[in-house]
């Protein structure tokens, strides 16, 4: 009777499939190399987690696909993004396990592998794509396109997915639709610009005590700062920057992200602010994973100093920074100003961003 | 052409099996619960790592099965034990991922599970058994024996494995055979006992400055310490302690472990000393994993305060300390004495524990 | 000129004080033991982090001290609780560093210490107290009260802090004041009780297919479940349970915590739900830290198997579960029911928990 | 009485100094910013760990300073290197704590800081220098030399330390003195070269089945491999490579490192092999710390996309790979060959690398 439950665990977890999916090529070649088992299982664990990440993205992207994201959806969206972050965190530290394999052991079974390697996983390619890495932004693997070497089904899976908006596209769209920013009587953008001008004017006043080189230097710095800020105030400058790849996000999205960041305590912005933080966490964890992966490959196959020619290691190193997707959100910090200098929100706007309950209470 | 390599990765990693082994019961019941996927994949990752741990134990135990462990084997043995430690480390921190599942989500699909849970894994039972957890030392699960509820094959796998010595048995045997300890002219055990007597005699001399209660108290402490040490000097006392479960290891093994610990710098003891450290790391990581597992279950199903009756949580909590295997090695620290008080090794013994090369050089 | 900035870093970080605060007793005794430096610095890092935790608690508790917590305060409160969790996470994994110290090294300088040890820190006692560990709930250290051995200033600091409500008290109060639960026309508690009765009635209906022992067993289980739930429906039962220590929280607070958990997607409950999660994270991290600390002490001084008498290790082990503060929040999961069985919120209540903006939009 | 011990903990840990070394500039400026405390304490923890790392290096470098490293010293050397690795591991994950600080909070107190930042620590500069980062290999900070901005004492401390060999220099020297490699009858280097020629000759034989482009391509690859290996066989090629910065280590040291790696199971090589592994771990952890530091700075101050001009972030990014010290040891994996192709060690050599005890036993 009770037995039934245990049978259930074994069956439920698909252990018959799972525990028979490890086939060592070195075994088959009659020269069993102990560490090949670790190599296989390590990548299988990766693939299971990639499947989980894709499953979370399915749900998150479904919720972002409608024009208005339901306020109640913020909770599961934050929960699943946080889960993706925790999985990526584990993928980074999992490398500690693979690094117990001495390079000599790798050399011993490497001869029986094709070029199989963790970064050649179609699921990982799909994760990158779904998050927002565009085909044209990819570092080329050796001489072809990144999916030249994928088998037909995998290639198709990715191509099909490319027809739909990526998470980057969805977040850009969602940010762009943020209300509160551009009203009849209150234009966040003008207020923020004025605040910055006030700061800079203040600094110019303070230059009166300077003279000569010091004066000139400070004036130059102030002018440079003014120029910098114009990069997110000015439609044309932004369009240019988008053209040359400095910015990827739309101007509206960038401005909304800044609005959310600086007024993050307002009840309705607390969730979106957490969301932006989680997105930067995920971007940064992916980058750390890529860098750690490259270091591991360097340790195993020795590329870098003393060796010549392009290599898997070089490719991985080039992806570390080039495959980043949400750098725009990091760059935003460059446009923050001290809290004291922030323009106050008009009551009416602030009121809209509160809970019904609280405003009723205040009224009562 | 190039395609072949990529096909190889997909096939090599058994992805057709691996990525189709997730079947949500809530889906089947027509009430899909998103978080069930995480629950399944989380335990699948566990099972893959358990398979890896068993694979490492196969190799380690094979090397320990002969009467004399080859000196060259120390390197892979240390390497694989270290790998097991790193895997367990990851299993502990992986719990961060499962804890992104809210208890409400668990309640939602729990109704479709049997009693399936990570601690009901036959592979995990086997890992515990192989390390040295004896059937009779197990905390009973509810009212039966731990394997009552396992399916026939799994039950047999464990029974078959029980016929062979566990790692605990092998290490006990290997330690007991340590040379250098009991020689014609040098008996480590007598020297160590003398050293302790000297320390205690010194302390008795120092009591001359005391009187009254202070004197009495100090004399009592000294006597207690003398009694404590007799517990590893005296065969009969040790036999008694083994009887009542205070010690599990044989006297010879305990004494050898102490010898290895205090003279750990001698070349031939450096490896064995690392081995003992890794064994305590593994014991401690398993204990931490059990405790963290219990905390997670408490969070999910709420046992503890406010609930009645025995439960999975209670069972897990009782295993935390009761399923520890190598506590004897932790207890040894209780018998250490300061380095200055350690008896010097006779040159002849020390010489034997060096490398051939070094002694030749010294001779030259 | 530029120099000034660097001087600033050195001075800013107080390095003159910080880097001269390590005084090895073994050095002073003329018998320098290398590892004593690690022992000192390790605990200094602990003390710095404890100071940081207390600093965060100051801010959080200040915000909770007024009768109504400002909705805008939820953001920093969550942020600082999360910071405390991350610090505790680091304290747990920091133990990896101390475990590079062999027990023999500890024996070598231990003779020069008093009984100094990380758990004798007044700052840590204060953290426990501030979170909600009551004097009377503490496991006694050896034979006296926990602060018998503290110096006068530290004792006073703790006594003074005890006059103010702990975070536990504040959260209990804050939960008890949760609106929405007990209204004219909607009483959450009655709805929830009905939902449970419906579930149980359904199960009773299903027993019709059973007979004999199976029937009796199922009826018993159903009755037991009914009893269990009465523990949070019934004032008198709760009062009893509070008396005997099964529950610590007030009934109102428990009910509110359950309300927040099951309707956590409602905008106004998203923050409070995250807060409850963070509190359980902190409670669980503190427990893990205590357990890991006990394991480390066992490794260093060997208490447990083979040694007699009470000890620091035994004390630490007893604190692991006994010093937990927020177990009530874990126990709550015991009272959850599947989402489908949850009573729907009346529109009017749900409306109150939304943002002003959204309701306006819907109206428009 | 008992009190004395507790006073001792407070005094022993220097808490009077330690807990009064936090002075918030924002406080002093009358505009207290809560998160400045975290910023200060975070860097203080860094500095304490840097002090600990320097203390370990003192001991390790002292042991490496004599011409012959005592075999008994291998144990503490490995222990302390492992400790440094564990500390660096903690420094990497500590960043999780600082990332709980929102960029807005940083902007709020940044105005009161000079340019103070964790990477401007003289202790960290000293750690880098002591490990082997040469003055001339440093990426220039803005326009001056790295220590232009240090205060006089710190500058002097570093200059003084530069007079002594770095750990890199010591390890190069120690490797170069490895015995066993160049004997009358056995020259490792010739044997290894022959083994490689055999492999390549075998591959040439196998080309007989090829023709046309495939043949040409394979022949080219074989030739390229032959060229690659000549880079560590040939004195002149190595000298050239050292000149242009491809290799930093001496040829003798590189060859010895390879010898240790491929024959790592020999008793006398097990310790040295672990040492080389730990050195690569430390190098890789430092690199990961630098990269993570750069990501954190990018998040806080927003350099990168959308901003112009050189910056702290750019500087940090350039140090990530450029400040690596032991890349040569990673590059070595490039010169490994499968175990089956390894030349067997002559008995006489193998014998020298064993323990005295074992050879006696075998003789008996």
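We call the chains A, B, C and D, going by the order they appear; numbering starts again at 1 in every chain.
Simple rule for what comes next: a residue touches a chain if its C-beta (ideal position, glycine included) is under 8 Å from a C-beta of that chain, and two chains touch if they have at least 3 such contacts.
Not measured: the values here are computed from a predicted model.
Enquirer: Treat touching chains as neighbours: how many steps, at the fewest, connect chain B to chain D?
Expert: Minimum step count, chain B to chain D: 1.
Enquirer: With chain centres defined as mean CA positions, report which chain is farthest from chain B.
Expert: Greatest centre separation from chain B goes to chain A.
Enquirer: Per the centroid of Cα atoms for each chain, what is the distance between chain B and chain C, given in Å?
Expert: About 29 Å, centre to centre.
Enquirer: Which whole number of Å gives the spacing of the CA centres of chain C and chain D?
Expert: 39
Enquirer: Chain A: which residues touch two or more other chains?
Expert: 76, 102, 264, in rising order.
Enquirer: Going by the contact rule set out above, which residues of chain C touch chain D in the complex?
Expert: Going through chain C, the ones touching chain D are 2-10, 12-15, 17-23, 25, 34, 37-38, 40-41, 43-45, 47-49, 51-52, 55, 59, 76, 79, 82-83, 86-87, 89-90, 93-94, 96-97, 100, 102, 113-117, 120-123, 144, 148-151, 154.
Enquirer: Help me check something: in the complex, which residues belonging to chain A touch chain D?
Expert: Touch residues, chain A against chain D: 31, 99, 102-104, 106-108, 111, 224, 228, 231-232, 241, 246-248, 261-262, 264, 277, 280-281, 284, 287-288, 291-292, 295, 298-309, 317, 321, 327-328, 330-340.
Enquirer: Considering only the defined contacts, which chain A positions touch chain C in the complex?
Expert: Result: residues 71-76, 179-180, 264-268, 270-271, 273, 351-360 of chain A touch chain C.
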